[in-house]
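Two complexes, one shared chain (chain A), two partners (chain B, chain C).
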Partner chain A sequence: MYVSTVALGACGGCEASLLAAGEPLVSLLSEHDIGFSSLLVDRRSITPSDVVLMSGCVRNAEELRLAEEVARTSRKIVAVGTCAVYGGVAGLRRLEIERSQDEDVLPRVFAEARPLDQVMSVEMYVPGCPPPTGILFETVKALMEGVQPLRHDATVCSECDRRVARRGPARAVSSSSGPASGEGVCLLNESLLCLGPVTRGGCNASCPSVGTVCSGCRGPSDAVLSSQLHSLYSDMVSCVARTTGARRDKVAAQVEGMLDVVYTYTACDPVAMFKVRGKVPRG
Partner chain B sequence: MNVTGNELAGQKVRIYPVTRIQGRADIEVLFDPHHNVAEARFRALDYRGTDRMAVGMPAQRVPQVLSTACGVCGPFHKLASCMAVESACGTRVPAAAGTLRELICWLLLASSHLATITYCALPDFALPTSDAAVKNVTGIYMVDQEFVSRLSHAMTAIYDTLDIIAGNRFRIPVILPGGVSRLPAPSEIETASALLASCEDELRETVRLAEMLTRRESRMMETGTPLPGSYMCSVTDGLAALLGTEVATAPFAGGEPRALSFDEFLSSLVEEEIDWTFVKPLTVDGFDCQLVGPLARVNMGFGEDTPLAAMERARLLEQWEHPLDSEFFFLMSLALEAVWAWEKAKRLLSSISYDGECWTSLAPAAGAGRAVIDSPRGLLVHQVELDALGAVSDYRVCSPLQFNYKTLNEHLTSVAARTVGGIDIGESAAARLQMAVRSFSPCVPCGTH
Partner chain C sequence: MAQVISIDPVTRIEGHLRIDVEVSNGVVTDAWSSGTMFRGYEMLIQGKHPWDAQQVMERICGVCPLVHGTAASYNLDSAMGVKLPNNARLIRNLALGANYIQSHILHFYHLVALDYVDVTAVLKYSGTDPALKLLQANIAVLAKNNDLYPFLPRYASPDYIGEPGGPGDANLATELVGHYVQAFEMRKKAQEMLTIFYGRMPSFVGTIPGGVTTPPTLTNIAAFRSRLHDLQAWIADVYVADVKAVATMPAYSAFIKAGDSGGNFMAYGGFDQNQAGTDKYFPSGIIENYNLTPSAFNNQQITESVKYSWYNDSTEGLKPAVGKTEPQVTKSGAYSFLKAPRYNGKPMEVGPLARQLIKKDPVFMALATAIGVLTPPVKFGIIPRIGARAVEALLVSLEMDKWLDQLTLGIGSDIWDPKGKQIPNSSNGMGLVEGPRGALGHWITISGGKTGNYQAVVPTTWNGSPRDKSGVRGPIENSLIGIPVPDVNNPINVVRCVRSFDPCIACAVHIIHPENNSVKEFRVV
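Here is the complex of A and B:
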């Protein structure tokens, strides 16, 4: 079986996370064939592959051409990382390029970042910024062995050891970057905007476990995506109101002022943004 | 695609993509009318504008966004961004937080170097004349499974240590603007210490192997192209440091290092814009081109607190004189620094406190701040300006590839002039040019951010 990796508009974190698997990954790859992977092998042409792990969003003309070429020649495309799945942080702002863009010299940069499935058909999504090493490796292994990879459909909250406290007087929720003050208490109870309730798990709640809020890097949970509104905002408001005992309309007004925090990783994704388009400030 | 045929009426040949580096890039070799090499250029083809994403954001949110400037050195970007914001706000982080941050930096340096050795650098040195199909980590695994296994053990042990200390090996959520979110518990320190202790033999072996391969490589390949310009890194008391107190630079041609305060250094930075690459090269006014990164730090020297690394460095300099001015010392410098970082991490772990203040709240106001640190690939600068509401009005990142860019291209041109014979560039010449690029450990996502 031929496996390949391609990084489009990416920071390289997804590849680094995969390579951190070490010997089990090398052993697995040596039993199969690496089609093309500019990070791993010196082969320079795009050849037909059974599985292609694609990270990054589409941000310039060369990336679009590369994505189309891979789509033409490959069987299964796996969108790896939140940039590939939802656009990621690159979607936070429109990018206006002041320098003159000579396309014969450098690829033309697009103002908008695009998630992978806007330009090609994607077989599987592995979100995360970056996806945890274990999940990535297990996904690659399963695909190469021809079995269905394990789905991580729960939320970050379901993996978090922090407990919801007895309701006290409701305080305004804040997007403060400060750490938790109470040992083992749910961060929402500390009035911190932790996105754990609406974010896909699989990361063992690594951020809340060290006292910092979940920033939603694994994207919306299955519950959010399958809900009627599929809106992070709406589900987040419900969770905060339920956990803190605050009135829903008050929480809604507070969270509406923090939409750029809620949609940090999904600002250019049409599904995640469906109900709040125009509300998230984008430069 | 393979080395393509000529373009622009036979004047230019493109090697695309450059492999075993982070990010997408190519090499263009430009010829004069007589088909002699006129210039060779390493071009970065990816631009994401991460620094621009920060403009308009509340200061405290910026480190989270800037950590995505590069996925490999992301934690260093996050830390530099935190430090720049703290400097703009006039905030001093508690001492315990500073120590934990430094510990994380050393662990990241060691793990990053071990990954670079395993996947990117080693194939060039271990299988220099092999076919492209086997010149990679799986090729080495088939020849010497034991060695890859041991390297991998050291790498994963350090990643596991990071998971324990920092919450997550890549996101490093424990680092926040104002300090750290918590200090490790005694049981976590104990587990982390045991993990670090378990990789000593593997690290020693890595240095031995790197030394052996470097000796063989320097005999096999022509070495008559010394690196131009000066080497440069952050220092404390004249010795290389990741979170140093000033910047020092010294010429490869010989001479004493010259120290620059951070303010002096930043005010002398000159940034250029070139139309054929997304990288904006940086030079220090009054100096020739620079080299930052592992080789620069090895040349600057290690302290007495890391005796194993200092001893190995001394052994190296006995064989090849100071300063080490050839690209072939790249693998050796990575291995040496992995040991250096491991020793530093072990030392800090044994003295780290697990009690007391670790975070201070920030009060963002109008002001400017900066951070100058050394990351695995070299000097990294973050500068921020905040408006009266504490939102970012301007953000600037200066990355290792920008500092190295002129040196890299100058060196690449001289290697191309010696190895490329005419406009049909063969696979071996293409491989040689790419090896020259890799010896600068270029990180394109960092370089163009």
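Here is the complex of A and C:
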């Protein structure tokens, strides 16, 4: 079985996360074949592959061409990482860049970053910026062995050790950053905008565990994705109001001023606006 | 007759780099280095909350998010007038040190080593080590299927000769390939060290404006130290030893001098040794024209030329603090998305070699003298560049023990200065650090409480820069001049030279480059 990695508009973090699996990854790959992977091997051309781990968003015409070529020649495309699944941080802003005279040399840059499933059909989604090493490795292993990977449908909060105070101080949420007090209480109680309640887990709450807010890198949780009644914004507002005891309308106005933060990774994805039932990640 | 060879992309580096070289009579006579990716990260955060800079900017690169996140933190610290608490300083040092270790191991074993040994020689391994025999058997299966990826370099080298201690020595090659596999595990340990204080890697959290978020405890110090000691031993016994073995192979003696970038080196200085940041483990300094007595570094001397870059000419010669990112892809004559940063108008090589030459660490200088780097004519080629990286991994790992010792425990052990939370209405910041690949700077202008302008000048922008307004080549371009290419179908020496800089184009900017019409083309996706 041939497995390949392709990075489109990516930073290489997803590949780095996979590599961090260490020896088990080497063992797994020694039973299979690496098709192409520009970080690791010097193969000359795109070889037909059974599984392609595609990371990064589609931001220009060349990435689109490459993605389409790979899709034509390969069997299963796995969207790896939040850029591939939701567009990621590259979608924070529109970039208006003129077209070059010779688009063979300099491909056209699209104003918007596009998640992979806007340009091709995707077999499976493994979100995360980057996906945690364990999840990524287990997903690859399952695919190579022909079994269904585990689904991680719980929220980050469900994996977090911090305790929710019976009723926190009724302070407003302040922002996305700032250290915790060190008392091990829920970061929302500390008036920090932690996106744990609305974010897909599987990461063992690695950020809150070192006193930093969850920034939502694994994208919306199943609950947020699966119903038109929910959104990252409205669910966050409810959660903050409930946890801190602050007035809902006051919280709503504050969170509205921080939408950049709430939608850091999903700003260019329709999921942020309209729920797509089919787009419930595996892995 | 001169022929132009294009290597696009250069693989086994991070990101998308294109190298064109002109070859005449078997040697490179001219070279062009093009970063063909545009990602516009500096533009993404304009108008956003300044705190977002740390989380967004670290995503410039998935291989070295740590240095970008750290530079962004120092940058915001400086904009807010933060006095970094002692524990925060030490934890940032420790994390950056762990990042050096993982990055340097990755570079030598997974990106570079396969250019220097003949993997097919493993088939002739005659030793008795059971692990290596198993490896030999695995490679034999791959070889039988005529499929030696990922081990086979794209270009087999004519200098793979089988004499003992040479690149084709079966036992040596087998050991090195065995270490290639071990290195994955070692790198993993270094990444685990990072997660102790920073939660996760890549895209870590845990450093914020004002300090860090996790206090040191007996448990996390012990967990950190046990991994550190494993790594120190492995780096000394395996990594440094392997680099020495390759560096002293007669087949590569020419590479001690070949691949010299032009004799200019720069370090911003890194790893604060005191709270004020005035004393640094790696001192800052400038070496000009091979004068090994460094002169003082002054950040006001940095400017960026865009004459050969796809950016608006009106942004020519700006200092990074007031730098602009205005892409103009219709510009004629331009060939790179990298700008051409210059110090006092001159190109500068940055990275481990620059740091060691400026620090003059006795361990490195002794090694450099032993292999003849310092015998006239003094040139710093491919081998010293790779060697400096290995020595540095060892020295930094040893220094990290001292930083662990200095951490203070208990309630009130300071990790954060609350000034980090007070966003000024308008301010300027600068964060200069030494990343594994070299000098990295971030600059921010805060206006109206939001990020007005943000500029990052990364190590690969220095090393991989295109020509500047005077037509002077960048360090990688210059280092390629004179590199032997006896067979234009096999430019292995060109990629050896380029990879010795550990270029990371993801840090630069992002558009993937397609086919071209050069005489010879080597394309790998």
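By definition in this document, the second predicted complex is superposed on the first by the 263 of 283 C-alpha atoms of A that agree within 3 Å, B and C clash if a C-alpha of one lies under 4 Å from a C-alpha of the other, contacts with A are read in each partner's own complex, and residues count from 1 in each chain.
In this text, a residue touches a chain if its C-beta (ideal position, glycine included) is under 8 Å from a C-beta of that chain, and two chains touch if they have at least 3 such contacts.
This is a predicted model, so every value here is computed, not measured.
In the three-chain model built by superposing on chain A, chain B clashes with chain C. In the superposition on chain A, contact of A:Ser209 is made with both chain B and chain C.
Touch criterion not met for A:Val185: it reaches neither chain B nor chain C. Once the two complexes are overlaid on the shared chain, A:Arg65 sits against chain C while remaining clear of chain B. Of the two partner chains, both chain B and chain C are touched by A:Val26.
Of the two partner chains placed by superposition, chain B and chain C are both touched by A:Cys14.
With both structures placed on the common chain, the touch criterion links A:Met144 to neither chain B nor chain C.
Under the contact criterion defined above, the residues of chain A that touch both chain B in one complex and chain C in the other are 9-17, 19-23, 26, 30, 34, 38-45, 59-60, 62-63, 88-90, 92-93, 95, 99-100, 105-107, 109, 129-130, 175-180, 203, 206-207, 209-212, 215, 217, 260-261, 264. By the touch criterion stated above, chain A contacts chain B in their complex at residues 7, 9-17, 19-23, 26-27, 29-30, 34, 38-45, 59-60, 62-63, 88-90, 92-93, 95, 99-100, 102, 105-107, 109, 129-130, 133, 175-180, 203, 206-207, 209-212, 215, 217, 260-261, 264, 281, 283. Those residues of chain C that touch chain A in the complex are listed here as 9, 11-12, 14-16, 36, 38-40, 43-46, 48-49, 51-52, 54-56, 59-63, 65, 106, 110, 138, 147, 149-150, 152-154, 181, 184-185, 187-188, 191, 195, 197-203, 205-206, 208-215, 310, 327-330, 415-416, 420-421, 506, 510-516, 522-525. Residue ranges of chain B in contact with chain A, taken from their complex: 1-3, 15-24, 43, 45-50, 52-53, 55-58, 60-61, 63-65, 68-72, 74, 111, 115, 118-120, 132-133, 135-138, 141-142, 148-149, 152-153, 155-156, 159, 163, 166-171, 173-174, 176-178, 180-182, 273, 275-278, 359, 361, 431, 434, 443, 445.
Interface residues of chain A, counted against chain C in their complex, comprise 6, 8-17, 19-23, 25-26, 30, 33-34, 36-46, 59-60, 62-63, 65-66, 88-90, 92-93, 95, 97-101, 104-107, 109, 129-130, 132, 174-180, 182, 203, 206-207, 209-212, 215, 217, 258, 260-261, 264.
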